[in-house]
Amino acid sequence: MTVMVSIALALLCGAALLVTVRLVRGPAALDRIVALDTLVTLIISGTVVGTVIRSDGISGHVLVVLALLGFIGTIAAARLVERREDMR
Amino acid sequence: MTAWLLVAPVLLPVLVAALSFALSGSRITQQVLGVSVLTLTLTDAVVLLVLAQRDGPQAASMGGWPAPLGIALVADRLSALLLTVSLAVALAVLVFAIGQGNADFGESSPVAFHPAYLLLTAGVGMAFLAGDLFNLFVAFEMMLTASYVLLSLGVGSGRIRAGMTYTITSLTSSLLFLTAIALCYAATGTVNMADLGLRMTQAPDGVAATLSVLLLVVFGIKAAMVPLHFWLPDSYPTAPTPITAIFAALLTKVGVYAMVRTQTLIFPRDDVWLLLTIVAVLTLLVGVLGAIAQDDLNRLLSFVLVSHIGFMLFGLALFDEAGLTGTVLYTAHHIVVQAGLFLVSGIVVRLSGTASLASLTHRAPPPPVVAGLFMLPALALAGIPPTSGFVAKFVLLQAGGERSGWPVTVLIAAALLTSLLTLYAMTRVWRAVFSAGPDRPAPRREAGNVLMLAATVGIVGLGVAIAVGAGLLGEISEAAARDLVDPDGYREAVLGGGDG
Amino acid sequence: MTTLDLAMATVVGGLFATGFFLLLDRSLMRILLGVIVLGHAANLLLILSGGAPASPPVTGSEGPDGRLADPLPQAMALTAIVITFGITTLLLAMVHRAWQLDGHDEVRDDVEDRRIGTVHDRAEERAAAESDLPADRGERR
Amino acid sequence: MLTLLGVHLLVALLLPLLAGRYRRAAWLLAVLVPLAAVVWAGLWTGRVLDGHVPQETLSWASVLQLELVLRLDSLSLLMVFVISGVGALVLLYGSGYFADGGREAGLLVGFAGAMFGLVTADHLIALYIFWELTSVISFLLIAGRGQGVANRKAAEQALLTTAGGGLAMLFGFILLGREAGTYRISQIVADPPATSGALAVAVVLVLCGAFAKSAQAPLSAWLPAAMVAPTPISAYLHAAAMVKAGVYLVARLTPALAEVQPWQPAVLAIGLLTMVLGAWRAMRQTDLKLLLAYGTVSELGMLTALLGAGGQTAMLAGEEMLLAHACFKSALFLTVGVLERSTGTRELHRLSGVGRSMPVVCGAAVLSVASMAGLPPLVGYLGKEAAYEAMWHADFAGRWWAVAGLALGSALTVAYCARFLWGAFAVKPGVERTPVERVPAVLVWPVCVLTAASLLLGVFYRVTGDLTVPYARSEHLVPDPAGPYEVSLWHGVTGPLTLSAAMIVAGLLLHAGRVWVERAQRRMPSLPDTQRGYEGTVNGLGRLAVWFTRHTQVGSLPVYLAVLLLTVIAVPGTMLLWYRPPLPDVTAWHSAVQVPLAVVILAAAVALVVTGHRLTAVLLVGAIGYGVAGLFLVQGAPDLALTQFLVETLTVVAVVLVLRRLPADFSPLRTEPRSLWFRVALATVAGVCVAALAVTATAVRQSLQLPREIIERAPETGAYNAVNALLVDFRALDTLGEISVLLVTVIGAAALLGRRGDGRGRPAGRRRRPGGRSRAAERFGEARWDVPREMWLPEALDVPRRERSLLLELVVRMLFPAVLVLSVYLLFAGHSRPGGGFAGGLVAGQAFVLRYLAGRSAEAAFPLPLTPRSVAGAGLVLAAVTALVPLAAGGTPLSSAQWYWDVPVLGSLHLATNVFFDLGVYLLVLGVCLKLLYALDRVRDAGDTLAPYGGPARRKAVT
Amino acid sequence: MRADPGDVHEPRPDTPASRGSVRRRPWRYLPPVLWLTLLWAVLWGTFTVPTLIAGAVVAAGTQAAFGLPPRGAERRHRLPRLRGVVQLPALIGYLLVDLVVSSVVVAREAVRSGPRTRSGIVEVELRARSDAQIATVALLTLVAPGSLVLEIDRERRLLYVHALPLRGAADAEGRRAAVARIERRLLAMSRTAKKEGPA
Amino acid sequence: MSGVREVVGVVLMLGGALFSLLAGVGMLRFADTVSRLHAASKAQTLGLLLVLVGAAVHEGGPSAPPLLLIGVFMLVTAPVMGHVVARIAYRTDAVARERLTVDQLGDRLSRQDAAEPPPR
């Protein structure tokens, strides 16, 4: 079982690496913004899976906060892009 | 009760700063609150000094948790002495600032000045009393952040640039400090300084020595020791006078204090003395050369400040009782003298409207009373007897005279030369600012605001008192140095439980 | 005590290097970002100084191995994070103000430092001119 | 003695105050003080000469070996007579000379006091103190209050020369004290230290000080320069008193140090050289005062040589000469003052026939000059004869050189003496007779008294002998091989006497042939000019300082930081390499999840270094922050991760809000590639250093005791989350400091952000690219499709309609209270789970950020009648008060208490008082977030009109 | 954008007054207080009496301090019909299936076509009338992969949906139908839809 | 029973992780910003939801409520993020128009009445 969960974790890590490529490559600012948001999502996923592996269920509430507030930065940055052509 | 005495210099200013911030509508309230809390804190510091001098290091753990678990605050003779002197100067500078009003500050100064100033003093107090390396970091941050704010309160573009230089350099040093703390903790598993001292002996030489010099560099930035000093002359002079005065008096000294504290308590090692000697020589000479090169009064004083950090390093480099006695004395004296000089400079600049020596040459000199107020600290800075500066310098030279070897000889020569060049720098100021004559206007009559003058008189008087009371101060300093050389009493006070 | 592993050492070293690199820039914004990165680096190092990964230091949350992480570096790092954040905002405000005042956000060199030479030279010239005055000038009365 | 010192000091301080109203009384008082010293010394004379030595001690800082020990032996007695006697007369003269002069009177009395202390001090350091005091007072006296540039420069020169020598001397004293084991002069003399290398250094240093003070070559330039001072001051300081300090010191220490090399050769060589050179220079002066000044230099040279030679006779000669010099030189200076006052000039070529107009003054001057030239029966004669005798019989090698030098000096002295008399009083052919004004008698009297002293001390040579012999017969001085020298006017025709007479004749001949001598002087290669040397040194110093400072203090922050980094690398890095602690075994990773996180972080870091786009850089930093937070989670630090996430988000928001007003790309200033590579290298090496240090440091720790104890004892604080226990209880003081930092930063940030732009900064967005607005934006025109019908968020009404979003407003309305509840949950959950006041406060703050993003108005989102300022202030007050409350209960600061209640329905309730501390933190953080948000809001307000679809067209389109 | 002079707003409701009206009708608070209390309990993970009381206190406090004024234009706020509640699981089930299917489709596109994937923007006309309904439809449309709501035209009740993959007009019609299906199920849960006339 | 729960949980988690990975591939491969947004805001969210449900099933008991709460909040915030970003993307020309088979929004905007207020 743990092996399977570890595989899941590995898949998530792979996803994170792919997203990082997008984050670094862009090309548009919006791409990076979205990639950053996705990174947060993946960290949530990864932590959940990691918690299962380590079976210390203490981080849950941290992730609630992330789920609730992770998009604030995204929206703020996107708004900037909307208002400033040269920021795209 | 000791615990309350120890925590008061931190807690009271913080509390009043918070009140002052919340009530920033009323300037009078802020002023009254500020002056009273500093007076109270000063009294507290005096009591601590008396206790420390009488009974040795006073320690208490906050929250009643025994030392490595809780944060210990410690007042040994060194910290109590520096705390007392610093708070006295802080009080005088606050009075000066109140007298000066908002002339030098921007629009928002009434809101920002008092809370920031009080938090600065709280940070300074905590830095002197901290018995815990991380607590020392927090204290530094309180002090420095408040100083960033105070420095950038003005409006001008030069000021913001200077603020950036200062902020970024200090910030770098803070981050390195944090790194050093992490490494210390990694190596020892504690951040209590007394405890660290015990455990560091078990660490391999390489680790301990490296951490020791890393902390030296960190504090060297704050203390503006050469070659880490460049930020100081570029930033201090641009601030309003009271700010410059308090920075010059306290901030670099806290750096020196931290250096002395950590080197003696945590790393009583002998592999840094040559490094310290070289640095001290460089600091002495580079600083004073810079002072001679300046045309701006405040920049000149800032370079002198850098230079005289070298004297404090002098004693630390010797790393014996005599040398440390000198360092303690020099630090205490320099706090007062440098603040006094900057305050006088503030009065001069206010009366004449310029800080440029070239321009001041053609302006009417300030009245004789201001000249006298300049003269005393200037002589003290140059170490002319029987001022406080002479006493401190004499003790240092005497300590150096006990040693042999060419590095110490060079150091002594540099110290003597620096004294002379400081005198030269001061005479340059005197010639430009205070001498009248047929080729220049007659002296002015008015000497500026009464509070400003009173504060300056107070600080200069404190300098005189240090000289007159050199016997008492010498005893305290010597005992402090003994404690530093042999920190068993300190350790026992901290780790032996305190008074809970 | 567990030694820092290679991966984390690389991250710490890399972050420090990045932070230092940005710090040496002339753009205040980049310096600000450098400060943030250095803050991350220092905090990470602080946490890593507490040892290898373990369960959160909450009584009762022990994992199968029963190891709890060292809480002290965590508390210190938390304090440091908040402090760094505060200073970041202050620095950000300074960047904004600098830009507002100067129209750019670069650290320009200190003009006062450039000025000293010429001023001192002038002062010397003046002193030389003055010393030509008759020496017995103005005995009092 | 201490009392007398105190009186000097007191009167000196009093005089400037007094002189304003009672000028005459002030000067009288001033005269009385030194007079009292003379009287006092007179009363002691008998006993002191009998060998009784009064002594007084004032402990200043004995622990630092600083004491004021005063002692009156025969040499001191002689000096007291000299300095106080001349002092009284000069002050009397001054009362007629200075118009008001409260300052001068005060300084002169102070100076007299300092000299009194100097000559009675029996402690090297005390002597040094008085020594430097005289330098400072001399500076003030020469600089004057209103004199010209020349005065200021001369004062500076005198101060720097003497103080510089003084500093060397101070260290010499310290070494001497170390070698002797005491600073007490009498003890050092009684038991001289054994010769050693350090002692030789001490001797050189002490002599430096003495020579500088007594204007010995090559440090003599300051004395003639100081002649710009008013006459009484010159007479006192530069004839009688201050310049005597140096020779006094030589006399004082000769018994102890004459045997130590290089004392004797140095003293003799420098002294006699100075004597000859000074006299040679004096001979070509045309200003009478300068003539006397160079004469003084010359005399001081002779005194130095005599007092330092180490023989009893030489000492005796020196003492007599010293006494003589004080009398005649001050008399002559005062005479010049009288002349100047009555004729308006000191130029000898412009004075003619003054001798006839002022017979009394002339007579006095003739006598004084005779003393100076060493003619009997004046006291100068006594001294000079003894001097010849001492050198003639001395037993050191090269004594004939000494005799020759002395003889040459004497001849030249006679020559300039004649020149003085001729210049001042003679009738000169071709020069019209100088008109003379009457001067007050008070100016003439002191001259007469001093001249009389010269005469009387010569005639009553036994008195002179009584005063000088006791010190000269010191057992540590070399006795005269020809037996003890008796003071007398006539010793018979001896070799020395013959030489002396010959030299007087030679001197007179030199004066007679002055035209040829002057021509010869002009033709001879000019001697090295020490004045030019001084000026060269000062200017060179200035140039060096400027050059050095300009090349180090370059004013460039990057350079400063580079130096800083280099230091970090060089110092700890070198240490690490030097000791090379064993590298531990390093595993690749502890947890596999760390690896992708590491890759994310490092990739973002590399991209961050490369990118030139601000927003990209901010996002990459955000990615690093989130990655680090992820690492925190892996590491088992959820509290930290939580805070890191929240802080990172807030940072991104804040930076982005400020970015609204900044250009899109980083500075166009391109760094040249070389410096770029330097930066890369520097940063990399520094990073490697830190990493290496981290690996080494983490490898050595052994004990895990503290963390275990923290976790075990955490429940005592009421918290099961050890991190929270640390933050609110164990280390609450840190937390208090931390929230203070937060408060002060937001104070500063608000102050900086809240200002209107008054400079050149313009909204960067206005600099539109040539392409103009995007196609879609153009086509989108004035769309206002997405405006909700209902008022979900009141503040959203302020948002431009095109930017409103139904979905966003609705969701924010729904989430806002949930976020607040979450924040309260975190506040209370902190005790047992991740959370706490920080996280809670940050979450609450972000609730308002959320509102702000949807509504664009920070104020509207925070409707309570509280300002952020009051919230933040209240938070800090609450935290601080919680820390203080235990005072009432007699506890320790920052300690907490636990209460448990059993309530019937609710069950067991638990309250830890540190929750109030946490609440304070929560409030403060919330207030800080709000304040920051308000301030950032104003950034936009400051003239920001960057609506992407905005423009004038819109006005029409909207109803 | 207060700084923009060209921006003219609807008259701003008098917030204090409307808040006063809220105070007269405290039951308006009930739904949010209930939801927040539930949230509180879920956060604590316990549904005991003290937790619920504390949650209610916190929720009520939040509402009292920071409660938003009533929404204004549409006065009613009615509870869903009972039949609607019954239909909720069906809706969720439909959504879940939709979610999985479209996810698979998008995932397949990602792997197989990648850059060659075609997409399109489809205009969807809505029947829903209230803000809440339109928003909910948009939200549910947004949840499923492959459809992103680009614009909402509130007044004309149009959604502009970016669909991926979208190969032609037929696909566009399918997308429209899919959104309509969701909307129909949603509206079926609420009786308000039919009664509501144009505003 | 618990064995079944575990298997189901692990399968769900694996599925979620796989979805996340594929979404990552999509983010990398799709041609324009809006298309990539599909992969990011949707598929990733779905992956997360699956992981959450899987973990909740796997762990059961007290760990489940917060996990579900995460899911609920993600279900609300992720679409909003997607919508806001997508709207901005279109408005800022971040859509590769030439790749669109249908662009009814473009058509609408190019009509004259685009900016006019709608019929009341």
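We just call them A, B, C, D, E and F in the order they show up, numbering each chain from 1.
To be clear about the criterion, a contact is a pair of C-beta atoms (placed from the backbone, for glycine too) under 8 Å apart; a residue touches a chain by one contact, two chains touch by 3 or more.
Here the structure is a predicted model, which is why all the values come from computation and not from measurement.
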{"item": "Touching chain C and also chain D, the following chains", "value": "A, B"}
{"item": "Pair joined by more contacting C-beta pairs (D-F or E-F)", "value": "E-F"}
{"item": "Whole-Å separation of chain centres (CA-atom averages), chain B against chain F", "value": "58"}
{"item": "Rounded Å distance between chain A and chain F, as computed from the means of their C-alpha atoms", "value": "12"}
{"item": "Centroid spacing, where centroids are CA-atom means, of chain C and chain F in whole angstrom", "value": "40"}
{"item": "Two or more partner chains touched - positions in chain D", "value": "144, 146-149, 151, 153, 542, 545-546, 549-550, 553, 555, 557, 561, 595, 606, 614, 618, 634, 636, 638, 690, 694, 697-698, 700-702, 704, 706-707, 710, 730-731, 734, 738, 741, 744-745, 748, 750-752, 755, 758-759, 774, 783, 785, 803, 805, 807-808, 811, 815, 818, 822, 825, 829, 833-834, 947-948, 959"}
{"item": "Junction residues of chain F - those touching two or more other chains", "value": "23, 25, 37, 41, 45, 62, 66, 69, 73, 76-80, 83-84, 87, 90-92, 106, 117-118"}
{"item": "Residue numbers of chain A (touch at least two other chains)", "value": "9-10, 14, 16-17, 21, 33, 35, 55-59, 61, 64, 66, 68, 70, 75, 79, 81-82, 85"}
{"item": "Touching pairs - complete list by chain label", "value": "A-C, A-D, A-F, B-C, B-D, C-D, D-E, D-F, E-F"}
{"item": "Residues on chain C engaged by chain A in the complex (per definition of touch)", "value": "55-56, 58, 61-64"}
{"item": "Sites on chain F touched by chain E in the complex", "value": "19, 22-23, 25-26, 29-31, 34-35, 37-39, 41-43, 45-46, 62, 65-66, 68-69, 75-76, 78-80, 82-83, 86-87, 90, 95, 99-106, 108, 117-118, 120"}
{"item": "Sites on chain E touched by chain F in the complex", "value": "39, 42-43, 45, 99-100, 102-103, 106-107, 109-111, 114-123, 138-139, 142-146, 148-151, 153, 155-156, 160, 162, 164, 166-169, 171-172, 198"}
{"item": "Interfacial residue positions of chain D with respect to chain E in the complex", "value": "783, 785-794, 797-801, 803, 805-807, 810-811, 813, 816-818, 820-822, 824-825, 829, 856-857, 862-864, 905-907, 909, 940-941, 943-945, 947, 950-952, 954-955, 958-959"}
{"item": "Chain D-facing residues of chain C, complex", "value": "1-27, 29-30, 32-33, 36-37, 40-41, 43-45, 47-60, 68-72, 74-79, 81-83, 85-90, 92-97, 99-107, 109-114, 116-117, 120-121, 123-124, 127, 130-131, 133-141"}
